[in-house]
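Below are two complexes that have chain A in common, paired first with chain B and then with chain C.
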Partner chain A sequence: MKITKGHFIIGLLLLAALAAYPFFSGVVYTNLFVRFLIFALFGASLNLLLSYTGLLNFGHAMFFGVGGYATALLLEHMPNAGLLTALFVGASAGALLALIVSPMLVRVRDTAFALMTLALNQLLFIACLKLRGITYGEDGVGGFSIPPLNLFGLVSVDITHPYNFFYFSLCIVGLGLFLMWYTTRTPFGSIMIGIRDNPNRVNYLGFNLPFSKTVIFTISGFFAGSAGALFALFQNLVSPDAVMHIQNSFTAIIMVFVGGIGTFIGPIVGAAIMTGLENLAVRYTEKIFLFNGLLLIMVVMFFRGGFVGLYNLAKAKWGSK
Partner chain B sequence: MVILQTKNLCHDFSGMKVLSQVNLEILQGERHAVIGPNGAGKTTLFNVITGTYHAKGGSVQFKGADVTRTEPYQLSRMGMGRSFQITSIFLRQSAFQNIRLAVLSRRKIRYNLFKPIDSINIITNETEQILRQINLYDERNVPASTLSYGKQRSIELGMAIATQPDLLMFDEPTAGMSKEETHNAVRLIRRLTEGKTMVIVEHDMEVVFSLADRITVLHHGEILLTGKPEEIKNDRRVRSAYLGDSEV
Partner chain C sequence: MKIPPSDRGTIMEGTAFILLTQGIHGISYGLVLFLAASGLSMIFGLMDILNLSHAYLFMLAAYFAFSIAQVTNFWVALLLAPLAIACIGMLLERYLIKPVHPFGHTPELVLTLGIGMVLLEVVKSIWGTTMLTVMPPESLQGFIPIGYLKYPVYRIFIIVFTIIILCGLHQLFRRTRFGTIVRAATVNSDMVSALGINVPRIYTLFFGFGTWLAGLAGVVVAPLLSVHPGLADQVGLDAFVVVVLGGLGSLWGAFVASILIGLLNTYGIQLIPTVAPLITFSLMVLVLTVKPTGLFGDRQ
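Showing the complex of A and B:
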């Protein structure tokens, strides 16, 4: 696709709309949008595994959770650590966890792989609950100081203000999404897709399968960790239920499917739809999973390509006239 | 010079003997065919050599190094390329993307996360060159799944060639092809393997006799005979074991 003047103008308008968004929507919807952004980043990091490498990870929340805990604990114990340092530590924690669990995960495939990820997620969930000395158990780590964003020692921005946090997360998520998208365009991205479609042949072509998968997990873990770190800064609280719970893993998978598996933008669209739906549903019932589940069933039964797939179908049918 | 050698190679599947004491020698620059009736152990021999299975006994030596327990990806890096009997390509991707992956491997670009792949011109050029060689340049951008079976087989061969191996291992490259497709495939293989070392496992006698410099006959997991095509044609043991009484 060639970038035309039209694309450029649309991009600028979109950017302007995003910049103006908080002033039109107010605090509640600004925070809702931040939630969407965080889950878009988290969903996209899962998508690297699910859509690009063909790995169904049922435990992606462990990377998110570890990222959140790392950032929260760092700020709890070292309130003077910088904001970006805290974020980077969270992301690195996700990557490190991925490195640690990779030797186990790269040896198994399909169902065994999915169950192994599930088990690891549960293990970390229980660890967070039980290691009270470190994680404060069920209560979680909260009320830690959130440092201001210090730009080259020139300006200091208080990101506890919802609007400021909105811009901050917009930049971080935007950067994260761009880096992931870029990854898919590199030679390594091609190898990922090769692993998805025919791992055996990739092996015979001279690529070290276990090591390549380890690299992919680490990248994915890094971005999931950064989403978790952002979440910790956003909520000023991480607890096992909020970040490490298996439900987060499922939510990310559902986002990929609802948005459209096999596309880069899928989980981002999925995150938008799920966050919006949740916000609507919560007005009438607490049982929002009822709606999430129903939506997933509909997608799986009637439109496998998700909303992106629907859009493409519609475009093919009516767009070319 | 011997490029590949197996010494007393043995393999069994849970006690069922498939290969026993196979001593095979492949010379640099020759086209060597392995033939034998169904169940003779051809494919097993092939898989043991290429690292799919690790031999239960004996050893495999490639370019002087013991590769009996070497993984497929390492063998590929050492210069052994293979194709598959059952087409094993990337069906959802285009012919171009299929071949490009093999070219990446040859160029040792494995963990490059910094440059968009489309902007690496040497990769694109080399891929296109191979696509021309296998006559798929015009169809390089359609998904491989929409190509005909014969063309998919060409991709299969193209990927094996694209890693520029010192030893090419073709596992029944014409399996399931019509007569005409087979004819074209043989011509393609002959052209692609000009001056290269190749081992081919094949059922089709026409293919074998038109391609091979030397032939090894495998029977009940043992080597019956190795020799030039004329010797094989005229050997009585081979005729009774494999060719029956039919004209060759």
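Showing the complex of A and C:
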């Protein structure tokens, strides 16, 4: 696709709309949008494994949770650490966890892989509950001081203000999404797709399969960790139920499927749809799982391409050229 | 505290008996796990489907048992609830899982996950989230003495009942036409189909059979543990661990793994209570790291 002047103008307008968004929507919807941004980053990091490498990770919340806990604990014990340091520590914790678990995960495939990730997620969830000395158990880590954003010692922005946090997370998530998109465009991205389509052939071609998978896990863990770190800064609280629970992993999977598996934009669209729908649904019903479950069944049964698939279908039918 | 020499033997014996009863506890829990896991493992072995909603069907059976036992008695529940679960299982297979099967493992796993979420929410809205208790039938409420301790008859019943089911399974697979077809279809379903047997219908029946076993496990477990929406996570996750640990599709592996997990659970809670919940998952991670196909399996 060629980038034309039209695309450029649409991009600028979109950027302007995003910049003006908080002033039109108010605090509640600004926070809702931040939630969407965090889950878009989280979903996109899962998508690297699910759509590009073909690995069904049922325990992606462990990277998210570890990122959140790392940031929260750092700020709890060292309140003087900078904001970006805290964010980076969270992201690195996700990457580190991915490095630690990948020797176990690279050996298993398919169903066993899915269940292995589920078990690891559950293991970390229980560990968070039980290791009270470090994680404060069920209560979680909360009320830590959130440092201001300090740009080269020139300006200091207080990001506890919802609008400022909106712009901050917009930048971080935008950067994260761009980096992930760029990764899929590099030669390494082709290896990822190769692993999805035919792992044996990738191995024959001389690319070290376990090592490549480890690198993919680490990248994915890094971005999931940064989403978790953002979540910790956003809520000023991390608890096992909020960040580490298996349900968080399922939420990410639902987003990828609803948005459209096999595309980069899918989980972002999925995050938008699910955050919006959930916000609507909780007004009328408490049975959010029933809603999510039915949606998931519907998507898998009838619209396997998700929303993006539907859009492409509609475009092919009615779109010009 | 100083123990007089004459009492030492008694105390030693007491400890030994506690360990023994814990052992029987572990075995009875392990056998319940086996009932729940065997269906899961066999369905995977024949049809290459890992049904994530299996644990929720198991929980649903426990709730059915509660409702049926309130109206009539436990024995009727043991007969009817698993049959109802089997019907639900066959409907799920016929109308939801079968159409998605050609598209690979990922949509299938996600679909069964969605079914599980719906079942959980349905259970919550019908029976609420409170803990419900199911009494064992009166003939099984007593205790039998083992040394100094009295041991509940119901747990002994579980052990005997599961062993009967296990022998029945063995006979079914070795002696009946259905069992022969299933064993043949596991090896080469195309050839079985070419011989004029309606393989999709066998699949649906077999799926129903697997969920029937989960239903049995749910009814049997109802008097043992209380019936609540967390049951699926509590026992169901252990059942998944059992299936993966034993090797996907391997019935013998599932049996060994379930006894192992049952014993580890009960002894773990008694000896190292703080980290006991971590044991099962750590074991699974450890085994899969060394042998990705599980203890007795040959496929992933």
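Definition applied: the second predicted complex is superposed on the first by the 320 of 321 C-alpha atoms of A that agree within 3 Å, B and C clash if a C-alpha of one lies under 4 Å from a C-alpha of the other, contacts with A are read in each partner's own complex, and residues count from 1 in each chain.
One rule holds in what follows: a residue touches a chain if its C-beta (ideal position, glycine included) is under 8 Å from a C-beta of that chain, and two chains touch if they have at least 3 such contacts.
These numbers were taken from a predicted model, which means no experiment stands behind them.
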### Query
Putting chain B and chain C onto chain A via the overlay, clash or fit?
fit
### Message
Which partner chains sit in contact with A:Gly206 here, chain B, chain C, both or neither? Use first/second/both/neither.
### Response
first
### Task
Would you sort A:Ile159 into first (chain B), second (chain C), both or neither based on which partner it touches?
neither
#### Entry: First (chain B), second (chain C), both or neither touched by A:Met255
neither
### Degrees between the directions from chain A toward chain B and toward chain C, using C-alpha centres, nearest 10
80
### Residues of chain A touched, compared between chain B and chain C (which is higher)
C
### Message
A:Arg185 in the overlay: touching chain B, chain C, both, or neither? Say first, second, both or neither.
### Response
first
### Task
Pick one for A:Ala114: touches chain B only (first), chain C only (second), both, or neither.
second
### Task
Please work out how little space separates the C-alpha atoms of chain B and chain C at their nearest point after superposition, in whole Å.
13
### Message
After overlaying the two complexes on chain A, where does the chain B footprint on chain A coincide with the chain C footprint?
### Response
none
### Residues of chain B that touch chain A when the two form their complex
50, 71-73, 76-77, 82, 84, 88-93, 97, 100-102, 104-106, 109-118, 120, 123, 159, 163
### Query
For chain A, which residues are in contact with chain C within the complex?
50, 54, 56, 58, 103-104, 107-116, 118-120, 122-123, 126-127, 130, 250, 253, 257, 261, 287, 289-290, 292-297, 300-301, 304
### Task
Report the residues of chain A in contact with chain B in the complex, numbered from low to high.
182-183, 185-191, 193-194, 197-198, 200-209, 212, 215, 219
### Query
Within the complex, which stretch of chain C touches chain A?
44, 50, 96, 99-100, 103, 105-107, 109-111, 113-118, 120-122, 124-125, 237, 240-241, 244, 248, 274-275, 277-278, 281-282, 284-285, 288-289, 292-294, 300
